[in-house]
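Here chain A shows up in two complexes: once beside chain B, once beside chain C.
For the complex of A and B:
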């Protein structure tokens, strides 16, 4: 009963957030200068033709009218069609714009669904790397406040947070794939191509995880149940493994929920450098080509994932620590 | 600095009577991370302020005879005149990097100032007045926080001309919700305090309570946290430059030097990697100082000394 109530409330809030995100993106795209029709029709197209096309596509209506039309489609599961990408996946280009060919353009939904699994694979691997590494460094640091593992954790996180992801991508490509030939780097041609981008993302994610883990473990070690556990005859390793880690993982879980949009920002850059065919590359191309429906579709899908992840995180946190209420 | 550091030797009862901001600062100064960070930062700051002018090398001047020279002690044709080597058209990498650092730091600081102004204003209003204004502001922050700021920045700078003010405003606007939330939460707890109620009873209006009582007390700890954001903004500035949406060439910035050097990665690795090393060092120094301040702030809020 409690879980049902919780789910209904959070899903309702989630719908509000998704609605606000799409409204925000929708308005922003239309307020900012840069005419998508100009991009589609090519620089040489006469102004009259551009106006004509824009009118036919409804791009000259008031923003709220356009948004209403779009939202009505989204509610029925229709994210619209890309402005520039053809369905057959051939090269994009505006010069051949021709209104009768509109039907051939790719569905935003298909584009997103094709790219999403690639990005999820990358994100999952990055998260696994980041958790393994920051678990090692963070737990050691949290158990030894004031001593060298703690200092090490502090300096590692300070240095990692200072490495620009695109630069690290270039340096590691140079080292690991050009000089040493250990890992493949550019494009996607099998699972091996995920490893290097995932390492870059993991480096970007780790600092916050290490900091949180260190401080929450240090705080838990000072709690009275740790001292009582020793009196009850539990070994130190058992107290740490069964009780401290369990309690210390709650702030970590919450952090993962918040870090999601940061991770997504990193994904955009990393996929761009490595030419990895995921959602990030799709996003950056869509933004640079002013492909409004595609940007909106991606924003809706990612904010939906954001909402779902945060609901799952809160559910997991309540099952770990039943005192928490949401 | 000298008079500030000597204050740390004061007995603890005196410390307790100091403002929270000064106690945080004193605690941070005692940590080794803060000292390492500040020394590194001052060296880099002096280098970026004086070296380009003192060396008399123009960061945009080409010299085809001295093109693609490697950094010191690498390869066989390195020279003392170009400690970090030269790029594909013979421009000195050290000067270009240090000039890039100037722009990066300038944009980083200015965009944090913009963020602070907007974020703290909204957060203060939301936290102090509560109710419907609070609900509206918080939902807007929710929505904006779920969109990665880099996408917003690319979307806007991709079409408008990426001048320095435009970049500062875009970066500043993209991060304000974080500060709105921090400010709101401290404001909400503080407005319940007795001295605020006393001021209200004695007839002070809301504006003067906020400006004379609450902000001087609550703002300094937030300012300490914002040092970490200067580093984040500098990274974002370099990402934008890398994508070609930052300050435009021929002005050297970290982003456009690295993007340029990427093309010559195979035969001149130093063009892309050296500026990044400098950026990394600068950011590390800022992050060490910022984290030391943050650790000190957390310790003091938990009531240790």
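For the complex of A and C:
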């Protein structure tokens, strides 16, 4: 019952958040410089024709009217058609305004659904790498406050947080792909192509995870239940595995929800550098081409993912520690 | 009287000052006989430019898509423009091209060719291609006159006669076109602009179009290619926007060939023994276009003053190996190129004299001038844009530089009624042909209004005169002695330099390229 109430309440909040994000993105896209009709029709199209096309497409209506029309479509699962990308899957558009042979435009839903699994795969692998590495370094650091594992965790997280992902991407590609030939790097032609970009994202995620784990484990180790546990005859490893890690994981879980947003931001740059055909690369191209429907579609999908992840994280945290109320 | 075109003479004229050019056409022989072909591996080409998504060859002028067409489509001829062998011509779909008289051109065709969809290649395909491509609404606009100025007949299945009498322009203009107009199937063309033409490529070249998968164009070896099925089974032609990514992909062996390297990357790759660098003077000039349809650049004296304020040697220093000095409105690989004696050079005194004469002594009285450039597509535009702005400011022209990402810049590029945005725009113009009118007429004839918006009866008359010259020799003389100097005396745009396009490839791919229109010998491939 609690779970049902929780899900209904949080999903309702999530819908409001997605609605507000969509409205914000929709409005911002229409006030920034760069007329998408000019992009669609070509630079040589006369202004009168631009206005005509814009009017026909409803792009000169008040923003709220446009948004209402768009939102009605979204509710029915229609994210609209790309302004630029043709349905045959080619990279971009840009034929001139009077070209009668322009093909059908691609459905935004299809473009997003094609790219999303790639990004989820990348994000999942990055999270797995980050958790494994942070767990190793962070737990050791938290269990040995003031000693070398703790200092090592501090140095590693300080170094990792100082490395720009675009730089690290290039350097690791040179090292692991070009020099050593261990990993493929550019594009996507199998799961192996996910590993290197996932490592870059994991390096970006790890510092905060390591710090959080180190401090929360150190704090738990100082709690009275640990001392009492030892008095009751519980082994140190059992205290750590069954009690300390469980309690220390709550702040980590909350953090993961927030980190996920950072991950989506990092994905844009990393996918561009690695030419990885996910949502990040799609986003960059959509922004550069002023492809409004595509940008909006991506924004809605990513905000929905963000909301869902946070709901799941909160649900998991509540089940670990029932005292928490979200 | 029948006059055979003397190929050697024609090409000597066309390529008199030519180096190789960056427009990539393929040498079909490479796919059949090179050492790489023997390995049976697919080839991956990483392109710096995306494609349009409309496969109709007459619907675009996008260089990357032209490169794909080079693999898939057949051409009447492939014409080298190399200094060491300017006379070489490779007939492809044509067996001969003869000028019957100044207005009639006869093209004889090979008889053993089929399109990728199985249709036999015949004269009807050439006729349909020329008539369709010359329609006024086709965006590529490569033909010398609209369809109604042409009479194309096909006395038999393998002979085409082009008659330009109705248009009044010489038929020899089609000789230039023969080497780079892809021949489409008459059956496809019959479906019209909204038909199959826009959905896929169907040609007679060594590779057939299979699919577009995201940014990846997939081509497969064509069994029925008239020189034999290529040994390379497939080509992946992929758009990768970032030049560092392209370079890394080449270095780790994933990419076979990458294009548009930055000059700094060349040094990195030159030391790599597995990689070969190819630097070629391209068909592309980079220009500072003036908005001639609005003040103050509607006054040629102000335009000329701005030209004299700019020291182009400093720009070339910034560009390093990505730029090649030229003093004309067309690239040195174009027909008719000469270093124009009256091309404006850096001369502050002349600049000041012209400003004063125009009523703006030391620039006083000039409105604020906006100079629009892009960043992210062409090399070093922002860097040399800042230098140009500083040089103009030094002479009193109140210039501010606006740097935009390509989409926003493209939106502001072209002329509009009353003048386009800003007062000066940076842009390159690349047309994969020796034909100079694809630059001169496109930009400087009053009927075009492309970027400058110039309307000048004298330039129009001179452009019409050179186009109508009865022979190539006469045309070259008019271009070099009248038309080009006349444009240089009015300077609707300042051509800053000719781009050098830099390709890098795995060693075994040396020999792949044909430059416009020419090829490296496939036997030279490693």
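Simple rule for what comes next: the second predicted complex is superposed on the first by the 317 of 326 C-alpha atoms of A that agree within 3 Å, B and C clash if a C-alpha of one lies under 4 Å from a C-alpha of the other, contacts with A are read in each partner's own complex, and residues count from 1 in each chain.
Going forward, a residue touches a chain if its C-beta (ideal position, glycine included) is under 8 Å from a C-beta of that chain, and two chains touch if they have at least 3 such contacts.
Just so you know, these numbers come straight off a predicted model, no measurement behind them.
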Review point. Is A:16 touching the first partner chain B, the second partner chain C, both, or neither of them?
Key: first
**Study point:** Touched partner set for A:187, first chain B, second chain C, both or neither
**Key:** second
Point to revise | Partner chain in contact with A:154 - chain B first, chain C second, else both or neither | key: first
Check your understanding: Which partner does A:170 reach: the first (chain B), the second (chain C), both, or neither?
Key -> both
Review point. Who does A:47 touch here: chain B (first), chain C (second), both, or neither?
Key: second
Review point. Just chain B (first), just chain C (second), both, or neither: which does A:272 touch?
Key: both
Exercise for review: Please indicate which partner A:178 is in contact with in the superposed arrangement: first for chain B, second for chain C, both, or neither.
Suggested key: both
Practice item. Determine, under the contact definition given at the top, whether A:73 touches first (chain B), second (chain C), both, or neither. Key: neither
Exercise for review: Could you say whether A:85 touches chain B, chain C, both of them, or neither, answering first, second, both or neither?
Suggested key: second
Check your understanding: For chain A, which residues belong to both interfaces, chain B and chain C?
Key -> 33-34, 170, 173-174, 178, 272, 284, 288, 290
Point to revise | Partner chain C, residues of chain A touching it in the complex | key: 33-35, 38-39, 43-44, 46-47, 85-86, 88-96, 98-103, 114, 170, 173-174, 177-178, 181, 184-187, 272-275, 277, 284-285, 288-290
Practice item. Under the touch definition given earlier, write down the residues of chain A that touch chain B in their complex. Key: 16-17, 20-21, 24-25, 28-29, 32-34, 151, 154-155, 157-159, 161-168, 170-171, 173-174, 178, 211, 215, 258, 261-262, 264-265, 268-269, 272, 283-284, 287-288, 290, 295, 299, 302-303, 306-307
Review point. Taking the complex as given, what residues does chain C use to touch chain A?
Key: 50-56, 59-60, 62, 137, 139, 193-195, 197-200, 211-215, 217, 238-242, 244-245, 248-249, 251-255, 405-408, 410-414, 416-417, 450
Study note, to complete from the structure: Within the complex, chain A is touched by chain B residues 32-33, 139-140, 142-152, 154-156, 158-160, 231, 235, 238-239, 242-243, 254, 258, 262, 265-266, 269, 272-273, 276, 279-284, 286-288, 291, 298
